[in-house]
Amino acid sequence: MEKFYGVIPPMITPFKENGDVDFDGFVSNIHKWNKDKLTGYLVNGSNSETAYLSEEEKLELVRLTVENAGNGRHIMAGTGLESARETIRFTNTCAKLGVGSVLVLTPCYYTNAMNSGAMIRFFTEVADHSDIPVLIYNVTKFTHVNIKADAISELSRHPNIVGMKDSNGDVPQLATFLRVADPSFQVMTGTFGAWYPALALGTTAIISALANCAPNEIAEVQELYDAGHLERSRDLYQRMFPVNSAVTGDFGISMLKYATTHLGYTGGYVRNPLGDSSPEEQAGLDKVLQKANIL
Amino acid sequence: MEKFYGVIPPMITPFKENGDVDFDGFVSNIHKWNKDKLTGYLVNGSNSETAYLSEEEKLELVRLTVENAGNGRHIMAGTGLESARETIRFTNTCAKLGVGSVLVLTPCYYTNAMNSGAMIRFFTEVADHSDIPVLIYNVTKFTHVNIKADAISELSRHPNIVGMKDSNGDVPQLATFLRVADPSFQVMTGTFGAWYPALALGTTAIISALANCAPNEIAEVQELYDAGHLERSRDLYQRMFPVNSAVTGDFGISMLKYATTHLGYTGGYVRNPLGDSSPEEQAGLDKVLQKANIL
Amino acid sequence: MEKFYGVIPPMITPFKENGDVDFDGFVSNIHKWNKDKLTGYLVNGSNSETAYLSEEEKLELVRLTVENAGNGRHIMAGTGLESARETIRFTNTCAKLGVGSVLVLTPCYYTNAMNSGAMIRFFTEVADHSDIPVLIYNVTKFTHVNIKADAISELSRHPNIVGMKDSNGDVPQLATFLRVADPSFQVMTGTFGAWYPALALGTTAIISALANCAPNEIAEVQELYDAGHLERSRDLYQRMFPVNSAVTGDFGISMLKYATTHLGYTGGYVRNPLGDSSPEEQAGLDKVLQKANIL
Amino acid sequence: MEKFYGVIPPMITPFKENGDVDFDGFVSNIHKWNKDKLTGYLVNGSNSETAYLSEEEKLELVRLTVENAGNGRHIMAGTGLESARETIRFTNTCAKLGVGSVLVLTPCYYTNAMNSGAMIRFFTEVADHSDIPVLIYNVTKFTHVNIKADAISELSRHPNIVGMKDSNGDVPQLATFLRVADPSFQVMTGTFGAWYPALALGTTAIISALANCAPNEIAEVQELYDAGHLERSRDLYQRMFPVNSAVTGDFGISMLKYATTHLGYTGGYVRNPLGDSSPEEQAGLDKVLQKANIL
């Protein structure tokens, strides 16, 4: 598999007020994103409120993504479940629907037991039995597990594990993963907050919540960097940084959905236990969007 | 619903070497526990590796528990999923199978958003739609969420929320929950490490991993306390304490299963990503069991 | 040295508005406390803002405590500094002034290096060279170090280490320390939040911030317990619990000083970087004091 | 004050086997460093075991630094103590000895009270009364306090607060500080692990433990970057990265001293509670140094 270049949105899942998935809104977002500077789509990632979906809903979202994604766009599906057995089953169900790769969350329930041995045991078994390439998803703020360099070093040499999304924004750790991993293994950042430094370190792709509402600005940071306009790239990164912080903070998803709606897509409602953003939070976000000059 | 008095084991799920659930072993454990000093059974708790089970497997375990539990024993099923919607659906499926109550884990995926507002929103909706009584399950070492006193105070007044299992071992917090909750609401400890102090504070029931392998000793701590033999109760608590630490430490479940087998039940294998205990760990546990004089 | 029985206040240090130590206020507090149900005094503890004092100020506070403490009251001085060398020097300076024992904070600056080896190395050297008995002070919320059972087990056998103050409120850990320590070693709780369970576990003394403003109520919890009035003891503990929470919360010391003033002692100002409590915080505390019925 | 450009070592303090400061060794290090590519010296930083020194020792180290530093090299002294009052006193004592600036640690003892209000209150008072420019020192792994962007934004506008050392290696946070601070305020990284990304973000100076033993390599990363040889700069950064990890890990200072000795300087012993490195740790470090090709 070739390495990714560019921006992949971890697509939000819009809900209706009654809590049903708004599949039409989801599809209309894809059609809009098809015109944006994007490389592919991640369906059923953290920003999709995947933890809140039934398996049937997840599969329908995968089907709709495969059906509606623009030509040549890569489709990645989040399929991580806590056990290797369940992850393999769900991964291969998604593979049959036509996705190109799967992004598998580090298991995390028994936090203290999730050491490098557990990571190697889990991802090796999943990759051994997955019909399509596997990427590792490391996001400590949700899982409270942080995969270590020794596990990445070993797993990066598995022929069916092709890369990872590291959403921690820990740039020295990103540098470490880049140093210890097999050259064939792709280390991607999973947060816009690390995008410019990650480009400087040599990464070439990003899967970021912000790509739901500001995909082109993220792509332009990379275009400018690769064209040698380092200062302009950095300035754009700094200009967009507060927007990213606002949509990925403590009440991230409701704010991300509000911003996404504000910028012309379909955000929709969140699912309980999440709550909708307050008028004060929305007014705060409006200011951030204005200051970033992206309205 | 009357308050519980006594000991409830969060039953382990034995697996075969090939990873299948060993349903026969599970049933044989229940038949043995039927002769122990137990008040009821928790099926699909944390110690059941529930996170690693398919929904079909979970339902089969519920059915077998209902079928095999001794006369008069209460059956509680763990049914917490991350969204209220999914939790309600699964709760009522279990209710139809004949369980007496459900133990619902605090949702935890978007950790920082899981404030008291989210807890109240989630448990209220679940309890509003649950066909059987709901208990709250707080276990911060796995969820990284710690429900707060204001949420317990409010939720304890919901007519369909009857109690909680607090597995944190934070005794001042337990005292706080006991103080702020509605008198009808039952606060139970979820760890033997807090059992003697919890009795002193007025709790009357425990759901503890240790009850898988040493149920009667846990019951005797309470019998002695309630008979006014405080010192003997405390001595037994202190004698069993290291056993509890050994089976609920970092590699808890594999060690718990080893001890359970050692003490005459069917422990079985764990599921990947968990790994089996090493000979060194097992030798260490043997010493702890000998020192506690329970072999 | 005999074991302590009863209540020891970690005395606050009142400051004047200009930041100078209010030595007169300090002495007047001792004279009032001399009439309360107290066993001794701790000078230069955490609640004394010791970290904010010059060495000269600390020594003057020790001198004044020795001079003014009531007959038969034990005087303990906090003397922990980060290195064994400095701690020994300061400990023996205080010893010459007539204090009866020293309470030595766990060193903590290089947090991750402060393992059991470091604890044993440090406290052994300090105790080897201290002219008076040494007690260990464990308070993780300030130090971010938590001394382990293996270190307590070993250090409790040193002839010049006579006990510890554990301020974590972690009752299962307290039970562990009581179990592994030499019988001659005294485990005291350092927070009222754990007082009733600690009594149940067999501890006989407490050093608690709350003793600055409500010493007699703390003593009465113990008197009731020891007289066999368990329920009345527990009720008083629960009644005073919210007061303790209010004066030891995030902005602890300014609130503790406000409450101390409110209850007839001299609280005084705090030192920068601490800030004085706000009118809203004070109004909140007034309500807590009223509800606890101790005004 | 002009902004710094280049590398400043936070100088280690060599101790003799009996625990005395090895002042001769300290001076001989300065004479060697005078020939290295360094911009200045930090005396009494975290790597100096400052927490373990008496005030007299600290002042002697300052005097010796002033006396022996090479021509034109800036001298910065660590002077942070927990209270503003003590910090001001010690800062101005050091100022009289001829240091050019002071690096002031965030106060941290009452962790939860150390919010932005406390930071602003503390640093404003210190800077108001300091005779020389003040820099803020943020190092969460030791202090467990992390200064926030709002505090940096405000403090960076104080005429006598000229910059900060951020040792967290949190590169998105570094980008934030660079964005919100007054342009006159200098944000420096305090760890080599963030050096290359920090250069990419526009910082121009570093104060790093590694500069004790590998100063020229750190300087060369910057020289290469500024000459436009981005890839060579990054390669050197990646080559030296494991050395930095080895000398700043959990047992950092004893390993840093071992490496410093190994590379021709005087490392010396550490002070209790720190322990000397084990033969195994030393053998591990030898391999890291060989692999980095700097022996």
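Annotations
A, B, C and D label the chains in the order they appear, each numbered from 1.
Going forward, a residue touches a chain if its C-beta (ideal position, glycine included) is under 8 Å from a C-beta of that chain, and two chains touch if they have at least 3 such contacts.
Everything numeric in this text was worked out from a predicted model, so none of it was measured.
Using CA-based centroids throughout, the chain positioned farthest away from chain B is D.
Chain centres here are Cα averages; for chain A and chain D they lie 36 Å apart. Mean C-alpha position of chain B lies 49 Å from that of chain D.
Residues of chain D in contact with at least two other chains: none. Taken as a contact graph, with one node per protein chain and an edge wherever two chains touch, the assembly forms a single closed ring in which every chain touches exactly two others. Taken in their complex, chain B has these residues touching chain A: 19, 46, 49, 51-54, 82-86, 89, 107, 109-114, 117-119, 121-122, 125, 141-142, 144, 249-253, 271-275.
Note for the complex: chain A touches chain D at residues 169-172, 175-176, 178-179, 191, 193-194, 196-197, 200-202, 230, 234, 237-238, 241, 245.
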